[in-house]
Amino acid sequence: MSQPSQQPSADSPAVYPAVNYLNADRGVKSWFLTLDHKRIAVMYLASVLVMFLVGGIFAMAIRLELLTPEPTIMGANTYNRMFTLHGVVMIFLFMIPAIPGVFGNFCMPLMLGAKDVAFPKLNLLSLYLYWTGAILAISAMAMGGLDTGWTFYAPYSTTTPTTVFPALLGVFILGFSSILTGLNFIVTIHTLRAPGLTWMRMQLFVWAIYATSIIQVLATPVIGLTVMLAGIEKVGGFGLFDATKGGDPVLFQHFFWFYSHPAVYIMVLPSMGVVSDAIAAVARKNVFGYKMIAYSSLGIAFVGFFAWGHHMFVSGQSPFDNGAFAVISMFVGVFTAIKVFNWVGTLYRGAIAVNTMFVYVCGFLFFVVFGGMTGIAVATVSLDVHWHDTYFVVAHFHFIMVGAVIMGFLIAIHYWFPKMFGKKFHEGWGMVAASFIVLGFIATFVPQFFLGNAGMPRRYYMYPERFQAWNVASTAGSSLLAFGFVIIAIYLIYALLRGEIAGDNPWQSRGIEWLTTSPPDKHNFPKPIVVTQDPHSYQKPGEEVEHVVI
Amino acid sequence: MNELMHKLLFLPPQASTLAPKIDNLHYFVITVTMAASVLTGLLTFFFFFKYRARREGQSTPIVLPSVKFEIAVIGVPLFFFLLWFVQGFQDYIWYTTPPKNTMDVYVMGKKWMWKFAYAGGGPNAIGTLHVPADRPVRLLMTSRDVLHSFYVPDFRIKQDVLPGRYTETWFEATKPGRYQILCAEYCGTWHSQMWGEVVVMPGAEFDAWMVEQKAGLAERVDTGGDDGGNMRGTIVEYGKKIAMTEGCLRCHSLDGQPHIGPTWLDLYQRRETLESGESVIADEAYLTDSMIDPRAKVVKGFKPVMPTYKGRLAAPEAAALVEFIKSLRSTSLENLPSKEATYEPAKPTTQRR
Amino acid sequence: MAEATITDSAHGKGGEHHHSTKSYFVVWAILLTCTGLTVWTGYKDLGAWNLPLALSIATVKASLVVWYFMHMREAAGTNRIVFVTSFVFLLVMIFGVFGDLWTRSEMSLPYHTPTTEGPEIQVPEGAAAPAHHE
Amino acid sequence: MSSSDGHPSHTAHHHPNLAGHFDTIQQQDYAARLGMWLFLGTEVLLFAGLFLGYTVYRHFYHETFHHCSRALDIKLGTINTLVLITSSLSVALAYWCVKVGKRTWAIGALVFTILCAAGFLCIKYLEYSHKFHVGELPGKWFRAEELMQFPAANMYFTIYFLTTGLHAFHVIVGMSVLIWVMKGIIKGRYNPDYYVPVELGALYWHLVDLVWIFLFPLLYLI
């Protein structure tokens, strides 16, 4: 068991472990009071999928409304609530917790050869805080909803008569969940690595989770404070952002983006980690430029903190700060570019398998390059004057948030589905759905770039008629996207119930998480792991290995 | 080239001196972005065909990046990004530094309309801003309530409008025509209808227009009644002043919110249902009648509490009030056909109460 | 392996409990003195020097608390980095925002409050740029 | 104590407080300390936002802040500072006593610390009630006429109440933590062999002190 690479289990028949973490304990209590990181991960998975469904329904409603320039299916106030809740649910309840909460929790301790995370009780507390925050956010919806946009900009958010406060409280509590998860993961990675697992032998997913956790710990307190201040101002009239009381509304934006810019890396870094891991398994090859990918994750985590002002180029921020934040944003872009080069480089001279994951990886690479570079484009100060708050920005961040984060999430689901549940999904349907998703995605969001170019502002309920053609195209594309998700839901549920038994390592991956049974035992590994190899190493020991330097 | 890219990218007309600057950089940036993503995609496909898995458990070489490769990987993107930044920041500085000889216009954004006032005197306006072509115009902007953003796509200018302080932006329009103003910062229910219009006139025509407007003001001052001596502004402005001094605004709001009485926003030509059940269009006659005999035709849902203004309002004053009410449109007042097909003229918005 | 390094950094500086309580009392005495000093200077009007002086004294006090009371001098390197990093980011935040405030144009600062009372923009006849008081 | 320090591998496996997923008590202690320092880091950043608010509005309303700070009672503020510093000393002593096995002294020092905390809150209450009385309150509640002449005087009290309020909340949390730690010492759970929770509780209390060390001059003396 000590050598990750020496036990290809391809020939042995697939066995479903009789006792595993899923059936070791029974009863509702054994789930809700569990301290097992894997069960917590499964509960996170169920929760974030529900939230994704909710956010997705809002998204479809928005797209339908925008089918015509006039009111289509709902009133203006309903529409404003829809896009607000779409943003709040997708960002705070889906994207931020999705990959760290589910796959970080499930796989990261396994990848370290650990028995659990450092603070299992804290881990469970994070989940409960997540649920509390989710319930509060949903209750805001039930109490009439809020119409501020997910950015909660003051003074609108502090003066609107809608129910903002429960949502702010929800975000505050979700922040704590996020902080505690990040703290837990940092300590786990520092203390619970198996013997021999040096920093430079950690899998890239672990590196990504580590970088993400740093951002979570450093940035999230600030959003906690920000929403707290907005809530106090709304309820108590403290006037911190109220111009008539001498307050400065732009200060709110500084507060907000100090968290929310790093937060986009909280969302996207784990996804990049998933791709780094999965691409090695798909191409059966060592990751090209391992160190560059690892360090660029840390680089993004660090430099990402200095770029928040590029969300505020036309907000009344000074030209000096605009320039400073713009130039720093250019450097953040370089870190992502490094990763892209290395991912493509990993495919070079690999043995690429044709499967669902690969389709998503292709989509991911295109989206991350186009979405990333349009990000640099909007960070170019003068261009942002035209593009700011138009659909160009909407399209850009959906390329990154949907194109990169959701592709990463889907890759992770498909890659680790056998690990989590010990079952195989249908590869053919997987590829069909993946094609729908990738194409539907392009059809949904490419038109929005043109809308932005033409000057359609975001958060528009009604729009001048000249924008209609592209809006129709976008709505049509979104239905393809939704159809793809329906297919995925069907074949994954089928796989869960009556799927073929996957065996311990169906992808013949060399990741440490595959060294135990699938699904794993309650205590993860039957015997302690000792790591002696480099990560993502697909060469058989003793075999003549060709070294190529390009 | 310019024409082609302009069409390909679905950009709006270039109607200011800033627009070509923004667009040229836009073309460059988008071309590089497209090239990079297409190259990445093609390379991925190429590798996929060339390096497909051929057999089970196939082993692969260890490929490592050389230092040269690493430098290239960091250097090439950084070069492009910084190039964009340098060009973009130059343009931006140009855009944030208005020339000395600008014509200044005060802009106020409020839910959900734009108001304009000329610094050198002249007519105040709601929704429509008249400016001369080929002369720099500086806008000094503030908001009465929440954040708004003054956006004219055809000029490529955008600037947030903040309560409690001024922000500025400027432009020099190059082609006479009518250009749409949009609000780009979310500001509530009718954010998407907070439109206005910039009317760009040839310089000489604008000067003549301005002289005429000012003369019109003076004329009205002469005929405006006893306190006309210190009255300035258009008849609309005069009407507004009366509305304030006579206390109309204590019961009638200007922002679309029903108060003790119906809101005046978009009241003109609105179809109102009366207490009696019949419906009436709020035209000049109805508005004037309602001042003189307010309890005759009370709009459904409101109490008959308004006092009569018979004898309190002189005829010109009542007329001014009507003109003022007519001016309260949440979108542009002007229903003239636009010559440049830049956007469709605003329709009377009937979906709103 | 990880554990080995942990043992080194956390407990490598052996004899942490050998020092007596004396150092605590000395630090306490210094803190009290510093408090007295900062209050005394607080009563004086030192103009522009008030803030830097008060902040310097506070920083000295805080460093003493962190170094001795919180045992930062015995803490593992990682823990030191973690704590110091949080202060670095506090500064990042403040200077990022002040980069904006220091360079904003005068008229777009909040204390140049334009009149927002009344339903109309109130522009005095022939007004130029908004008045810069102060 | 000395055995676990000097020969980690021997005593580790049988340590009663060792959780199953750690190999040694040293590893567990290291994790606990790192976790606590990370948490303190987040606390610093939580207060960082308020300090930013303070610096921004002080920058805008420099004169106002100067005059409004005179409305606070420097004497009470100074007393509170001394109380907190002394409590910081006593909690450090309590930690030392637990480590060397002086249980009674440790309990005494903790009781003293908790009393200091309570005293701090009482004085804070006096200050707050005075502010409520004269209307030196945040935002829309502000009605102190003698300060109305200064622009945005309400903003100073907004900042004052937000910062000291959040700090007072931390004092209350810190008190609860110390009470919980004290219960552990009384029950003998924490002893020279296992004192990390005491250390962490003390760290939290020191942070509360640390924040006040900055708040005091910024609010009272500037």
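Chains: A, B, C and D, in written order; residue numbering restarts at 1 for each.
One rule holds for everything that comes next: contacts are C-beta pairs under 8 Å (C-beta built on N, C-alpha and C of every residue); 3 or more make two chains touch, one makes a residue touch a chain.
Fair warning: this is a prediction, and the values are worked out from it, not measured in the lab.
Traced through touching neighbours, the fewest hops from subunit B to subunit D number 2. The most distant chain from subunit C, with centres taken as the mean of CA atoms, is B. Across the structure, the highest number of inter-chain C-beta contacts is found for A-B. Closest to the protein's overall CA centre, chain by chain, comes A.
Mean C-alpha position of subunit A lies 35 Å from that of subunit D. Mean C-alpha positions place subunit C and subunit D at a centre distance of 16 Å.
Subunit A and subunit C have centres, each the mean of its CA atoms, that are 34 Å apart. Annotation for subunit B: residues touching 2 or more other chains are 162-165, 167.
In subunit A, the positions touching at least two other chains are 190-192, 218, 222, 243-244, 246-248, 250-251, 254, 316, 319. Residue positions of subunit D with contacts to 2 or more other chains are 27, 30, 34, 38, 41-42, 45, 48-49, 52, 56, 60-61, 151-152. Listing the residues of subunit C that touch subunit A in their complex gives 1-3, 6, 78, 85-86, 89, 92-93, 96-97, 99-105, 108, 110-111, 113, 116. Those residues of subunit D whose C-beta lies close enough to touch subunit A in the complex are 19-22, 27, 30-31, 34-35, 38-39, 41-43, 45-46, 48-50, 52-53, 56-57, 60-61, 138-141, 151-152, 154-155, 158, 161-162.
Subunit C contributes residues 2-3, 6-7, 9-11, 14, 17, 21, 24-25, 27-28, 31-32, 35, 38-39, 41-43, 50-51, 54-55, 57-58, 61-62, 65-66, 68-71, 75-76, 78-79, 82-83, 85-87, 89-90, 93-94, 97-98, 101, 109-111 to its touches with subunit D in the complex. By the touch criterion stated above, subunit B contacts subunit A in their complex at residues 9-12, 21-22, 25-26, 29-30, 32-34, 36-37, 40-41, 43-45, 47-48, 51-54, 56-66, 69-70, 73-74, 77-78, 81-82, 84-85, 87-93, 95-96, 145-147, 149, 151, 153-154, 156-160, 162-165, 167, 180, 182-193, 195, 343-344, 351.
Considering their complex, residues 1, 5, 8, 23-24, 26-27, 29-30, 33-34, 37-38, 40-42, 44-45, 48-49, 51-52, 55-56, 59-61, 74, 78, 81-82, 85-86, 88-89, 91-93, 96, 99-100, 151-152, 199, 202-203, 206-207, 209-210, 213-214, 216-218, 220-222 of subunit D touch subunit C.
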